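Next come two complexes, and both contain chain A; in the first it sits with chain B, in the second with chain C.
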Partner chain A sequence: MNDLLPLLVAVPILGAALLVVGSRRMSRPVAELAACTVSGGTAGLAIVLLLNSSPPMTEWVGGWTPVNGESVGIVLTGDGPGLGMAALASLLTLAAMVYSWHYFDEPPRRHAGSFPALMLLFQAGMCGFALAGDLFNLFVWFELMSVVAYALTGTRVEDPKVVQGALTFAVVTSLGAYAVLMGIGMLYARTGELALTQIGRGLDAHGGPDALTLAAFVLILTGLLVKSAAVPFHFWLPDAHAVAPTPVCMLLSGVMVELGTYGVWRVYGTVFSGPGGVPDDDFRRVLLVLGVLTAVVGAVMCWYQRHIKRLLACSTVAHTGLFLIGIGVLTPEGDDGVALYVLGHAGVKAALFACTGVLLDRYGSVDERALHGRARELRPVAVMYVIGALALAGLPPFGTALGKAVTEEAVGGPLTVLMVAATVLTAGAVLRVAAGVFFGLGPEPPGSDTYETTGTGEEPETGSRISRVPDTMTAVPAVLLAAALAVGVAPGFAGLVSHGVSESGSGGLVVSAPHWTPHGVLLGLASTLLATGLAALAVTRPALLTAPDWTQSLRRLQSGHVGDYVAWLLVGAVLLGALALPGVTGS
Partner chain B sequence: MTAVMHVLPYLVAAWVFLAGCYGLATSRNLIHAVGCLSVCQAATYVLLLGVGYRKDATAPVFSDIRPGSRPVVDPVVQALTLTDVVVGATVTALLLALVVQIAKRHGTVDPDELSELRG
Partner chain C sequence: MSRRVRLWLVLTGGAGLAVLLVAACLNLPSFGGDRHPYGDRAVRASIARHTANVVSSVNFDQRAFDTLGEMTILFGAVLGCVMLLRQTRDEHRARPEPAEVAPPVRRYALLVLPVALVTGIYVIAHGQLSPGGGFQGGVVAATALHLLYLGADYRALERIRPLGVYEVGDALAASSYVVLGLAGLLGSTTFLANSLLPYGTFNTLSSGGTVPLLNAAVGMEVACAVVLLLARFLDQAVEIEKENGE
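After this line comes the complex of A and B, so read on.
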């Protein structure tokens, strides 16, 4: 069975290569059908392997197995979380391609295969990253998925905004990737190994942590946190999401950012969690501080956006903070909760982006103020938008609510309050948009501030504005929302997820399967009610919610200037080092 | 003296990386910024090759020497560096293509004058 693991990467790459070669002779429907077949086939394979992933599979590619405990080969790990992320990435790629089916207008004419080929390469990169069992391939797949993401973000290259957003995304993420590689070099110097578990063993054999361990930890975590858009590494994300085509936004927010968080979890669990790595208390401090910061900044930025895609992007930043808090408490329950939360969030956030794409293609704008009351005729989209917003707030029985409830119980205390507050603020902002845009509730918002991205004057992605919404564009968000619902209600699903996570994460420690508790349901309902109340207040009494001055200075930090973002990345790396330092000096 | 020589490659790598970061943060020209990113990446080459260095060792090519007859430098890091070079070429090519587009659409390559995205 483990012989099939490399296919998850090889099949999409082969499909992409064939599409590029045959691009000139293929008509558009043929190219898209071929891409969907390849992507769907890979998704199916990932699910089959996932169902057989207990006990976890390991594949030394090309038969380069370790000799006397020393390895130089490429290793793929097929365990629950890895294959789960690969399956999620594949399914979401398929959804994004069906969404763009036939209506999405890609610029390079007579190259019908180029956009689907890039999507397949993106899928391959994400699958490879999820399955990588050695650090160097983690870096290679990190870079492959990043490079393809830059190209996809810059698809509509004739728009001035697009090239700027794609460039900042590319520079910041690439710098993060090189930081990862520096860290990998240091770990190799210490242990002579590249496979994750072997490095962990090598560090433990060497003794307690020292300056080199700390430096490697900071560098690797910097790169992974850039990918997962933790504050202060997050600045690229709203810019990239504001300019990327809608199907690409679905993938960036739905799964790529979460893969960064997954990378942090994976690398800590296999490399740094032993006695030779970074002590638990210090890692907990790092993740909780960054998680809280990320949740607060993301939620506040989200509330004050008027560009709907940026608003959803900032909500992703806030949710990244919640994921980091969830894995940061270092309990099996926290890991289970985050795994479920990521699955539910992927469906809900991708569905919300898909609905926003309909607005863009129909009205040529993603500006909350310009669209006020204009989308009254789009009833099905309005319903899905409201359901998506409520699911984001944690309305039971959606998967987001189950994941959020389990995570909240795992973190406990004031962090639970923070999690509720962050979801209320982000979901409240989405509900406010829905109320204004689809129902025309509340007064027309007043004129604009000068320092913001508005979202007016966007080009529809369909070439010209669509007069009726194609079925694929409404079916995809509906299916995604149904999937997010299924994560929460499908009997036994939460148990399967928990089993897969605990088998590879907490050393086989078996905990009771996550399930709905009265406490969790009440918290979910309370979040939903509070979010609705906040949105209602924003619609009826907008004067009460004018932006205080400090939020303006927070928004000024999001300057769109690549040099500023690089400086923040360095600040973040220093912060990481300072937070993890006590564990190294203390021993 | 040997201690200094032992640490020197790592100090050089750190210095080159930070110099690249400084250049990126203060850049007034996007082509220069892309170059600075390549400088950061050059630091990873230095580090990797420094890690693989063995004293009095030769290249890990066994066509004319018998395996085990004399020390060779670590071929793994050389393979990593080669992969890294390929990755870097891809990134630089893509970034320069984006800079060309920025020059066309904005009429400038000064990051201070790009103001489409903010807030």
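After this line comes the complex of A and C, so read on.
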């Protein structure tokens, strides 16, 4: 079975290459159908492997199985989290491709296969990243998914905004990738190894952590946190999401960003968690400080957006913060909670982006104020939007609610309050949008005179505005929401997830299975009520909620100037170093 | 953010990072040491499989899965370029004018072109034996063709460079790498296993098992990809113009 692990990467790559050849003579529907088949087949394979991943599989590609504990080859890790992320990435790619059926108006001549082929390569990169058990191999797939994502983000290249968004994404993420590469160089210099577990053992054999360990930790974490859009590495994300085509947003927010967090979890657990790495207390401090910052900044930025795609992007930033807090407490329960939360969030967030795409293609705008009351006719989309917002708030029995409840219980104390506050603010913002856009509630919003990103005057991605919403564009979000619901209600599912996570995280020590508790249900209901109340307040008494001055300066940081973002990246790397420093100097 | 604030942030962040990196480098193993755990293992593995060029053995045998990723990055970059540098709705194509080329430049370019092309192919073909290989040789071969642009003009280059052929070549080369990997999976149960072909006699062209084949696939992929990338950028610079005549 483990021999089949590399196929999760090889099949989409082969599919993409053959699609490029074939699509020169293929019509668009045939090319898109072929791509969906390849993507779906890979997803099926990932699920089959996932079901057989206990005990975890490992595969030395090319048959370079270690002799006397030494190998020159590359190892793949087919455990629950790795295969789970690969399956999630594959399923979401399939959903995004079905959603974009007959979507783009202008594939370059004789290149009908370009967009689906790039999506397949994106899938291959994400699967490779999820399965990597070798640090350099992890970097290679990190680069593949980045390069493809830049191109996909810039699809509508006619618009200068698109070029800006894709370019900042490319510059910031590339710098993160260079940081990772330097970090790999340092670890290699110390240990002479590239496989994650072997590096970890090499560090432990060398003795306690020193400046080199700290530098490697900072550099590698910088790259991964850029990908996961943690503050202050997050600036590329709203800019890229605002301009990327909707199906691409579904993948960026639904799974690529979470893969960054997954990478942090994987690399810390295998490389830095031993006595030669970074002590637990310091890692916890790093993740909790960054997680809290990210959740607060993301949630506040989310509330004050009127560009709906930016609003959803900022909510992704806030959720990244929550995920970082969840894995940052370093308990098996926290890991279980985050795993469930990521699964639920992927479905909900992708569904919300899909619904926003309908607005964009129908009305040529994603501006909350300009669209006020205009989408009354789109009843099914409105219902899905509200359900998605409530699920985002943590309405039981959605998977988001279960994941959030388990995580909240694991973190405890003031962090629970913060988690509730962040979800209330982000879900409240989405509910506010739904109330205004789909139901026309509240007074007609005034035109704004201050400078801000509005979201009007956008080009529909379908070429011309659609008069009837195609079935695929409504079916996909419906299925995604149903999947997010299934994560919460399917009996035994949470137990399976927890089993997979603990088998690779806490060394096979299976702790109690996560389940609904009265406490968790109450917290979820409270979050939902608070979010609804906040949205109602925003709709009825908008004057009470005018932006205070400090939020203005926070928003001004999102300047769109790539130099600013690079400066913040440097500051962020130093912050990481400062937070982890005590453990290194103390030993 | 004002320039001044940004400058201060960069200086603070850069200084902090510089301190960290210098401190880390002081802890690196000193230069010229005799402990090379990976290097020793890689050389042993390479010689055991009769591959004279250890770097190629690492690239196309021991860590061939990394190379699959790297090749795919290039392939994805080409696809991305096709999509981003397309002729958009507000642009049109203008025929490039023939250009005057100084006779010495023309003579030199036409003289060097075949030499460079053969050099590129040689570097690819001997990848398993001597320094070089698919990546390096592919770039040399692709640049060789562009000497025609310097020596003659853009239209001459376009005549020897039918992009469709190169696109198909690029994709087929990438697929053949994966197919060779799959052959390993079917033949000996591991993806990219180098156990299908005999390892041959050390230091001959046919040594190294599948290394020469994977190397050739990468060579073709890189050559086609570089031609295509340059073509897209040259197209933007030479042929594609804004609709209102910028």
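As a convention for this text, the second predicted complex is superposed on the first by the 579 of 587 C-alpha atoms of A that agree within 3 Å, B and C clash if a C-alpha of one lies under 4 Å from a C-alpha of the other, contacts with A are read in each partner's own complex, and residues count from 1 in each chain.
Definition applied: a contact is a pair of C-beta atoms (placed from the backbone, for glycine too) under 8 Å apart; a residue touches a chain by one contact, two chains touch by 3 or more.
Worth saying up front: this structure is predicted, and the values here are computed from it rather than measured.
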| item | value |
| --- | --- |
| Greater chain A contact set [chain C / chain B] | C |
| Touching partner for A:Pro55 - first (chain B), second (chain C), both, neither | neither |
| Chain B versus chain C as contact partner of A:Val157, first or second or both or neither | both |
| Which superposed partner A:Gly373 touches (first chain B, second chain C, both, neither) | neither |
| Contacts of A:Ala567 with chain B and chain C, given as first, second, both or neither | both |
| Partner chain(s) touched by A:Val147 [first = chain B, second = chain C, both, neither] | both |
| First (chain B), second (chain C), both or neither touched by A:Gly207 | neither |
| First, second, both or neither for A:Ala17, with chain B first and chain C second | second |
| First, second, both or neither for A:Val72, with chain B first and chain C second | both |
| Chain B versus chain C as contact partner of A:Val9, first or second or both or neither | second |
| Residues of chain A contacting chain B in one complex and chain C in the other | 72, 136, 140, 143, 147, 150-151, 154, 157-158, 186, 188-189, 194, 556, 559, 561, 563-564, 566-567, 570 |
| Residue ranges of chain B in contact with chain A within the complex | 13, 17, 21, 24-27, 30, 33-34, 37, 40-41, 43-44, 47-48, 51, 76-77, 80, 83-84, 87, 90-91, 94-95, 98-99, 101-102, 105-106, 111-112, 114-119 |
| Parts of chain C lying in touch with chain A, wherever the complex brings them together | 1, 6, 9-10, 12-14, 16-17, 20-21, 23-24, 26-29, 35-39, 41-42, 45, 58, 61-66, 68-70, 72-73, 75-77, 79-90, 164, 167-168, 170-172, 174-175, 178-179, 181-182, 184-185, 188-195 |
| Touching residues on chain A, where the partner in the complex is chain B | 72, 136, 140, 143, 147, 150-151, 154, 157-161, 163-168, 170-171, 174-175, 178, 181-182, 185-186, 188-189, 194, 239, 242-243, 305, 449, 451-453, 555-556, 558-564, 566-567, 570 |
| Residue ranges of chain A in contact with chain C within the complex | 3, 6-7, 9-10, 13-14, 16-18, 20-21, 24, 59-64, 70-74, 106, 108, 110-111, 114-115, 117-118, 121, 124-125, 128, 136-137, 140-141, 143-144, 147-148, 150-152, 154-155, 157-158, 186, 188-194, 210-212, 214-216, 218, 556-557, 559, 561, 563-564, 566-574, 577-578 |
